[in-house]
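Read the structure below first, then the notes.
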Amino acid sequence: MWEQIVNLSFFAVLLRLLPPILLGALGGLLTDRGGVINIGIEGLMLVSAFTSISVGSASGSWVAGVLAGMLASVLVSLLMAFFTLQMKVDVIVAGFAVNIFGGAATVLLMSILYHSHGQYMPADPVRIPNVVIPFIEDIPVLGQLLSGHNVMVWLSFLAVLFCYVLLNHTPYGFHLRAVGEEPSAARSLGIDVQRIQYSALIWGGVFSGLAGAYLSTGMTSMFVREMTAGTGFLALAVVIFGNKNPVGILFGSLLFALAQTLVNTVETTPDNKVPSQLIAMIPYIVTVAVLSVYAVRKASTRRRKAAAV
Amino acid sequence: AGCGSNKSGQSGSSQTDIGGSEAPLSVGLYINGNLGDQGFFDSANAGVQRMDKEFGAKIKVVEGGSNQTDWAVGLESMVSSGKYDIVIAGTSQMSDITINLAKRYPNQKFIFFDVAIEGLPNVYSVIYDQKEGSFLAGAFAALVTKSTELKGSNPDKTIGFIGGMDIPIINEFRSGYEQGAQYIDRDIKVISSFVGSFSDAPKGKELGLAQFKQQKVDVIFAAAGAGGLGMFEAAKELGTYAIGCNVNQNEVQPGTVLTSMLKNVSDSLFRAVDRYKKGELQFGVSEQLGFAEGGVGLAKDDLYSKNVPQTIRDQVEEIQKKLESGEITLK
Amino acid sequence: MSDLLEMRNIHKVYSNGTRANRGVSFSVRHGEIHALVGENGAGKSTLMKILFGLETPSEGEIFYKGEKIEMRTPKDAIRYEIGMVHQHFMLVPSFTVAQNIVLGSEPRKGALSDHKAALLETDRLIREYGLKVDSSATVARLSVGLKQRVEILKVLYRGARLIILDEPTAVLTPQETDELFHSLRKLVDTGYTIIFITHKLNEVMSISDRITVLRAGQTVTTLNTAKTNKEEISRLMVGREVLLRVQKTPARAKETVLRINGLSDEDSYSGQPVLRNVSLEVKSGEILGIAGVEGNGQTELIEAITGFGKGYRGSILFQDKPLAGESIRAIRAMGIGHIPEDRQTRGACLTASVKENLILDQYREKAFGRIWFLNERQIRRHARELIERFDIRTESEDTPAGSLSGGNIQKIVVARELHKKPKLLIAAQPTRGVDIGSIEFIHKEIVRARDEGAAVLLVSAELTEIMSLSDRIGVLYNGELTALLNNTDDLTEEEIGYYMLGVKKDERKAVAT
Amino acid sequence: MRPRKAVFLDLFGLAGAVAASLVIGIIVIFCVSSEPLAAMNAFFVEPLTNAFNFGSILNRMVPLVFTGLAIAVVFQSGVFSMGAEGQLYIGALTGAVAAVYMKGLSAWMHIPLVLVCAILGGGLFAFLPGILKARFKADEIVSTLMFNYIGIFFVSYLLNNVIKDANSGGFARTPYVQDSARLHQIVQGFPTLYSFVFALAAAAVVYILLFKTRTGYELRLVGKNPLFAEYGGIHIRKAIVLSMVISGALAGLGGAMEVIGQQGALNDHFSTGLGFDGIIISLLARNHPIGILVSAFFYAYLTVGGQNMQAGSDVPRDLAVIIQSLLVLFVSSQALFAYLNSRKAVRKGGAEVAS
């Protein structure tokens, strides 16, 4: 394992595992800041994963695939928005319904379009390409650090920056946060609360869409039923874990990806005797541990501050 | 084994009606999970679909979903509807449910796969020698990693196994595979990893990449559903090799998937119903299908002939013979 | 003078069936300060929300500058240069003052918002109108008075010419109120028009030009301030004579119930001292009023006594028993009643029913059930009794407290805390935002509790309230008890005012105890 | 008088919502099926008319009622736990251990013992995130989501490595539970098991707990307004932990009910999402224990109906699931309720305005 850390392949794996959770969490972040908890990330990611590989391979363009995936995810988000904002369905119920819907709708479409219930592997698939940076690529350490990563890896870093700027430096971001924090205040200033919340859910769709597209057209080039395998829920946890801000979420996602990289490393270690169920617990135990340590420290600084004065 | 060619096996009242062409045979398949698993269920489904095509059976496939709470009810409602001449189910999780139902509905005929159920006059069961099949796959993998003819092989004597979940049935695949590899060369090391689910293709791919790149593995056998598909992709990208599972997956990534360990649920079900139709199927017994009956085996299609060197193929044949004759016995 | 605004025959039925306005007619002239008064729940806020586009009327018309207009959303109101300062703060706590002020119409630099311009603009407004506040401070940390300023600045920033102020002074100190009035007069002089809602008739008399009285969702009348008086207004509002001055007999103080010695405490965030060596005593049968500009340690004093505040120094003895380290539950069980200053959050649970609100901290008593179970019938009977005795206007004891008017919610709190016949009653701002009828009632009940032998510690920012209720008066300034005086007839508001502002310090206070 | 009227309005709204959602379901079925009548019959009618199906619905309700109640208790207390799934597994585990390995007891002893073990297992497993939240303010959404995974993997680990029945075949399970611990059919020939009675009893107990006891009053006040509760002397942290533990115990009971009822053994991965279904069930019932019986019935009805439709018509499973999710959305549509209720209210108010 140390060898892998030294030769930086560990780093490459980490970066490959990062985008789905990071993008999913950013989607969750923007909806959450608009005052709508998004339980439906999982379902949105599935819808986009299916659409992007499907459209991508049909059109032969990964860009078209990714855009279509985002669009599909946005459409389902709009459906969710309609039910929560217009029909006043409890937002959590709506989120779960989106997950159920996404899981079933993708399989249904797959069986109609490709006569398969389990997976769709296009004959000549398109892939979101890797970015090879000339010159830098050949520099020993730097090359491995910077070159050869998937476009989506860079895009997800950009997305962090984007969300940061959006939330903290644009009028829209202020409106969004105001709506999430004090909707009545926003409304009294002529901000259309409902419209902002619609848009928040759309953002959720956009980023969940990117995350889903990466699963099927970046990490692999296939769609498999339920291929998100709980990533959406992890993303939800990361939103809260990351303190509901883009930078915190970046670190939260890195932690998760790191734990997953660790799982993969242990799983592929020769003569590994640890039962795989215990290995699989690593990310979750790490998260609970970090959460606890963080909370305990915060609690004790609260106490210390109170005591010190 | 007792492959009932004796006509005395004819029993049950419904069978006599079937000879006539007026009422088509009605077959129901209950799947305690979902289609698209790249395993039993898809294979069973393929078998049932073939009944429709080849002798116009009226077929119905019911997916029970993954909540185990629903399964007993799902199967019973198929049985109690009385619509089916034959109800097919399988897997160890369903065996007790089926035994219970078979006792309560003595007029319903059942075909059960993957677990031996004996002594019930209305149940025919079929099991597969998957361990032997995996043994052969292991031997094959060992030959591949030692091969000098295959471009993607390296000198390291390390091969890989990827399982969907760390559960008995998958570990049976693994155990056979390891034994097969050791049979070829005691020094062969097998790296085993588990995905944790049968649907996580990206993780299957990551585990594949890690085994290939970090552990110098050059061929992996996957019993991991969609996880295996992910691994195939990794193998393809790196120019290494893979072995498919359950159904013939050689065409999924031609040239990369050198062969597949078959578990022929599809053929076995078709064969059983076909014999039932002819009045030849004997109930109350279970059959184990091995290489000879086509129950298990390696997928030896054109791609196999094209991509696998002659020497390896020859050795495989030899080992298969030894397995059939009992010269090799498994733990 | 022509009417700037006219609202004709406004009806409003809320979706739950409440008829808040039933044919209100109301008009405002250009350049006047128009006071809108009425009991809690009379429909004042509803009428103004309709004018501001926050609620749609079920019926009725609005004319503005002679034209019939439709108000659908606050956006329309802002377009017509109407601004509103709401009864409850409409601020985003995590935003800075400047961000709150420009929210919804931010200065931009390209696609981004221009923080610098926002700050500059805010500072310019602050200078121009003399409403001092730190434009880069986070709103969550501002005092209520400053928050109120931010609300007014928000309205001014949007260029409103007609400004609605819904009970802006309910949470302000007298000084802050004076400053606010000063600003309002300046605004009117420069051509603004103001609608002003308040329950304080002094304010009505001192600032308004005309007065409209609402009762039960209908217009009673509109008066010229110069030609009326407080008694008339209150009679019109309540429909009967209201005693504007508390009637009480001299106190008959007995044994000391609460004894505080050398109490000091610091703010847990900033570490600044908030209480400095405070010592006082309250005897049974007397009311000790604590006057002071808000934020001078009153809150901390109450929190320390009632068990919310931990980690103070000094001693608090209740019937000679130290309270330090006791849980809130234990403290309440000893016989200490507490009317908290914040009824919306702490004093009442708005989503719980009236009857559930009335048994808080008493639900473990035998009267309300045996062993582990609650006795529904007893609880209901108890609620009905209190509703009757305290004249709580509610549809039933099962109604959620949140759908009662503010005054009635306060009556629930008072009823609950007095019902248990506390030996010590801590009353913090007991009549804030409450209409005059209810004020009269609550004051009477507090005096009655005193006469029945309770020791009362009254904390209020309302000097009039302190003067009229208390037997003795203490003044907190900057965490220090700067005066402790007997409330004799020759004590004037001015004198207490000096102590409150820290201009004067009473050296005899130890003697006066 | 007033509360009764409110209930009436709610029922009126509910009926309207159900009707609207049925219309949607019917439209979808008509669009996709070539035998819509058969499909609708199988989906909507047969589950109610066929005794076997109806009995199965009642069985299917059992885990949903328990996880629904588990969620109701925490949500009423203002704790946003999503941990019912993991607690279900741990309760099933401890219950199963008692049910399988304790021998020679009478049913009257054995079953209560199993239940106690399940309560302890589920309760203790929920205690951890509870204490993390109460003492350190660690967010319970994150911790309970993580604890779900930990619980499920832990049970799977034990099943595959420690307590596996040698005869379990390809998928691990424990040995079958002792007959003395098994819950059987209430009436021969009708599939509903005694576990259904336990579910009803649990709903009643939780109802009494929440609405008729001091503890319930405390929990609900903490949920509605913690500042108010604190001011009234209620120990907030204790209430949070208590609500988590009660919730875990209920979820754990639900798991044990599956083990000694429907399934007869603890199976690896025996639930996929029963705990999450509990969230939907509870929210549909606005976290009211008695309402949970109704919403769990509705949900089980849809599940059984969906299966039945798949078996009895050309509508595929996935479509049945989609219809199910749409029905859930419509039934939980507050706007539909509010619209129907407000029309009444406005008519009432409006009439008085005019007079």
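Lettered A, B, C and D in written order, each chain numbered from 1.
Assume a residue touches a chain if its C-beta (ideal position, glycine included) is under 8 Å from a C-beta of that chain, and two chains touch if they have at least 3 such contacts.
In UniProt terms the chains read A = Inner-membrane translocator; C = ABC transporter ATP-binding protein; D = ABC transporter permease.
Quick caveat: nothing in here was measured; it's all calculated off a predicted structure.
Of the two chain pairs examined here, A-D and B-D, it is A-D that is joined by more C-beta pairs in contact.
Put simply, the C-alpha centre of chain A (Inner-membrane translocator) and that of chain D (ABC transporter permease) have 29 angstrom between them.
Rounded to whole angstrom units, the spacing between the C-alpha centres of chain B and chain C is 76.
Rounded to whole angstrom, the centroid-to-centroid distance between chain A (Inner-membrane translocator) and chain B, based on C-alpha atoms, equals 36 Å. Multi-chain contact residues of chain B (touching two or more other chains) are listed as 34, 165-166.
The residues of chain A (Inner-membrane translocator) that reach two or more other chains are 107, 111, 275, 277, 280, listed in rising order. Touching two or more other chains at once are residues 156, 160, 317, 338 of chain D (ABC transporter permease).
Interface note: chains touch in the pairs A-B, A-C, A-D, B-D, C-D. Contacts from chain C toward chain D (ABC transporter permease) in the complex involve residues 11, 13-19, 22, 58-59, 308, 327-333, 338, 340, 345-352, 356, 359-361, 363-364, 369, 372-374, 376, 395-396, 398-399. Note for the complex: chain B touches chain D (ABC transporter permease) at residues 28, 34, 60, 62-70, 72-74, 76-78, 80-81, 91-93, 95-96, 114-115, 165-169, 172. In the complex of the two chains, the chain D (ABC transporter permease) residues touching chain A (Inner-membrane translocator) come out as 132, 135-139, 141-143, 145-147, 149-150, 153-154, 156-157, 160-161, 276, 279-280, 283-284, 316-319, 321-322, 324-326, 328-330, 332-336, 338. If you check the complex, the residues on chain D (ABC transporter permease) that touch chain B are 52-53, 56, 59-60, 63, 156, 160, 164, 168-173, 191, 258, 262-264, 267-274, 303-304, 307-308, 310-312, 317. On the chain C side of its complex with chain A (Inner-membrane translocator), the touching residues are 52, 54, 73-75, 77-78, 84, 86, 89-95, 99-100, 103-106, 108, 111-113, 115, 154, 266-269, 271, 310-311.
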